[in-house]
Amino acid sequence: MSWYYIEGILINCGYVLMVVLGLSLLTGFTGLFSFGHAGFMAIGAYAAALCTLYLHIPYIPALIIGGLAAMLAGLFLGSFTLKLKGDYFCIATLGFGEAVRLIFDNVQALGGARGLSGMAMKTTLPVVLTVSAVAVAALVCLINSRHGRNMVAIREDELAAQVSGINVFRYKMMALAISALYAGIGGGLLAHYMGYIQPAMFKMVKSTEYTIIVIFGGLGSVTGSVVGTLLLTFLPELLREFENWRLVIYGLAVIIIMISRPRGLMGGTELRIGSLIRFFKNPFGFFRKRGAAGEEGGQGHA
Amino acid sequence: MHKSDTVVLSLQHVSKHFGGLMAVDDVSFNVHEGEIYGLIGPNGAGKTTIFNLVTGIYGLTGGSISFYGSSLASLKPYQIAGEGITRTFQNIRLFKKLTSYENVLTACHRDADYGVFQTLLRLRVPGKLGKFAAQEAALKEKTEELLRLMGLWEYRDMVASNLPYGLQRKLEIARALALNPKLLLLDEPAAGMNPEETQQLMRLICDIRDRFSLTVLIIEHHMDLIMGVCDHVFVLNFGKPLAEGTPEQGQNNEHVIEAYLGKEEAHAHA
Amino acid sequence: MTVFLQQLINGLSLGSVYALMAVGYSLVYSIMNFSNFAHGGVIMVGAYIGYFAMTALGLPFWLAFIVCGLGAGLLAILLERLVYFPLRSRSAPFLYYIISAMGASIFLENIVIATIGPTFRTYPQVFATGPIQVGGLAIGRIDVFMIIVAVAGLLLLTLIIEKTKVGLAIRASSYNIKASTLMGVNVNMVIFTIFLLGGVLAGYAGMLFGMKYTVYPQIGNITTKSFIAAVFGGLGSLPGAIVGSVLLGLLETLTAAYISSNLRDLIAFVVLIGVLVIKPSGLMGKLAEEKA
């Protein structure tokens, strides 16, 4: 197992993490389910690729433009679906993801089914690590603010959130926009890692795979999303012979998780510096349950 | 006689249909500033429907509702909360997986106005850029104050769904207070409480009313609470108005007794 | 003109398959208020059951037909018991149902790929190859069969819902599930029935689709079209699901014939956007207000 090989998987984790973080915000924290995030990824990928290939825009700005393009698409989609009941949004994202792929498939100017190629392979490990770090930090900041709390409130009880003065539509839009932004940047990273993109890379199965990572890591936990991404990107690599059964196991695992431990791996909690210090000071005491004041749960607070 | 002359909430000929069902039919009453106003009637009389109409969850079929003189008609629920009307629910709708602290802290959000930009920067500087730190500190202070007031401070880290029932109700009230309401709607706050807890709640409601200079509209079945705390009551039955006046007047009204207890009892009391 | 009429028949047969799918989905939605995204899995399995009943088991067509319905219905009930019932007993939030449905759908699709294999399968020839000549039109026999099955299935369903006791329970539950429980309706029975009915129809939809085109594990993806059809007709309304499906089938076929076959899948999404922007409650649905 060469470093080159591991590096490849880590870079993979990097762009997957972007989409997963976005989905974590949307599904894990705000409670909205999307079947179509591969569509946002595709828009970001194509936009970024077009920027570097034809408009001679440098790599990083191209990434950002890709993200913004995806974000605009998200705002567009949200504007007429987020005011309606949850199911409508789900179906709309299903339609959206597929529609985006079909459009790219059929527009010959964008390469049609063969897609775009010849992008500079600028997504290196340092790039991915930096982008991921910034992305995680930004997300954590957002969640630990009134904006993040309002999104969680919407997930918990939309009606109660409304009567608590929260503009539910506005926050759903915000969550969708940011998750689309992240997915778009992930797409740009992908495009400049592979050097080429094709519509077939953005099928619905990809969207569901990313959601599965969020669920596995734990709805409502950024740490869970990071850990989940690492685990579910490395494990399949190690277990390549069982590739056929991977999705079978994922599907089953999702059902079992939702029934028995919906909070996933991290249980909806986060890794905190304070917790790490406490753990090292007293490894066994750390796991003892505490009473009323100081019980772990929810988002935790400093 | 009313404590104040300012009318906080005014319902004029309010009605609500659901398809063929007339849930509320031609209800009119005024709630004056500083009052504790009771909404009573048998189950299914339409009391919670009125709450839902006032808070914008349901749309009006007929009539109008105004708050300090301005109509609430075109406002969405979150805007109505912003105007100063907050509520609790009959079935308790807390943010179940969040702790008590987080439930109240979340509801304090309107006291802050920092945007996403300031959130990301998190600078501890005075002025516009440093809004996040200063405002968050203020929100946390307020959360602590409210929790202590409701006797919930020791339970601040307990997940809401694990709280004992009576405390859950109090938490919902604390959350409703976090929005700086001028009018507080309480939907059966004493449900499931024993007489001692009910007494405590009565004192708490009066205390809150005085401390925050609020007006309170309360749906309740516990007669001791109504008698002990309300300045005026409005009695509903099958969505229609039945009586209005002081609690004593309501208690002695033959129609009210009939609605609650049936015709024979009414005659027995007469 | 004949081309148009012929495309009309094509559209109707496609629409009837969509209707069989959409109706099952709408039934579950109207009672349980959630979208059963695992519906596609049942459709796909139905196609395979019919196929294997005829090839591996060598059953005559009519018997395979019955087995398909039973098998798909059984799968639907199993899905309900194993995946949704545990969530119901924990009063899980609505989000969990969708996630589990997604998990079930992925599981079904991939277990078929892993065991039976992803190759496309063709149904053995059932009807004589030549089309039926009516006037100047050449109508495919399979299309006629599809329309007949769909109409029969939907009529039977309507009969059950309108005329039987169980149907009454279903209708009551779709208005207000709590109230109907108070009236003595056994919710579990109602849910069992709707999954069974929806599953059987879905199985037939899959089998018909497989007969007309081919059988492959990703057949479940056409449920997207049936969801769109259900939204188009009005989520929660059965007549709406039928109307929406037929119209969608017609629109798709006519688009493919007169504009471009590449756009045939895209037109469904255009319809979806149109519905959501103009009238989200669809052609025949009503948006209900949430009770506090």
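Assorted remarks:
As written, the chain order gives the labels A, B and C, with residue 1 at the start of each chain.
Please note the rule applied: a residue touches a chain if its C-beta (ideal position, glycine included) is under 8 Å from a C-beta of that chain, and two chains touch if they have at least 3 such contacts.
Small disclaimer: the values here were computed from a predicted structure and weren't measured.
The most central chain, judged by the distance from its Cα centroid to the centroid of all protein Cα atoms shown, is A. Using the average of C-alpha coordinates as each chain's centre, B ends up farthest from chain C. Chain centres here are Cα means. That of chain A falls 31 Å from that of chain C. Here the CA centre of chain B is 46 Å from the CA centre of chain C.
Distance between chain A and chain B, defined via averaged C-alpha coordinates, is recorded as 39 Å. For chain A, the set of residues that touch two or more other chains comprises 159. Contact of a single residue of chain B with at least two other chains is seen at positions 57, 89, 93.
Within chain C, the positions touching two or more other chains are listed as 290, 292. Of all residues in chain B, those touching chain A in their complex are 55, 57, 76-78, 80-82, 86-87, 89, 93-99, 101-102, 105-110, 112, 114, 116, 119-120, 122, 132, 136, 139, 154-159, 175-176, 178-179. The touching residues of chain A, when paired with chain C in their complex, are 27, 31, 33, 35, 80-81, 84, 86-88, 90-92, 94-96, 98-99, 102-103, 106, 155, 159, 204-205, 208, 211-212, 215, 244-248, 250-255, 258-259, 262. The touching residues of chain A, counted against chain B in their complex, run 138, 141-142, 145-147, 149-150, 152-153, 156-157, 159-168, 174, 268, 292-295, 297-299, 301.
Contacts from chain C toward chain A in the complex involve residues 29, 34-35, 37, 82-83, 86-87, 90, 92-96, 98-100, 102-111, 113-114, 221, 224, 227-228, 231, 235, 262-263, 265-266, 268-269, 272-273, 276-277, 280, 290, 292.
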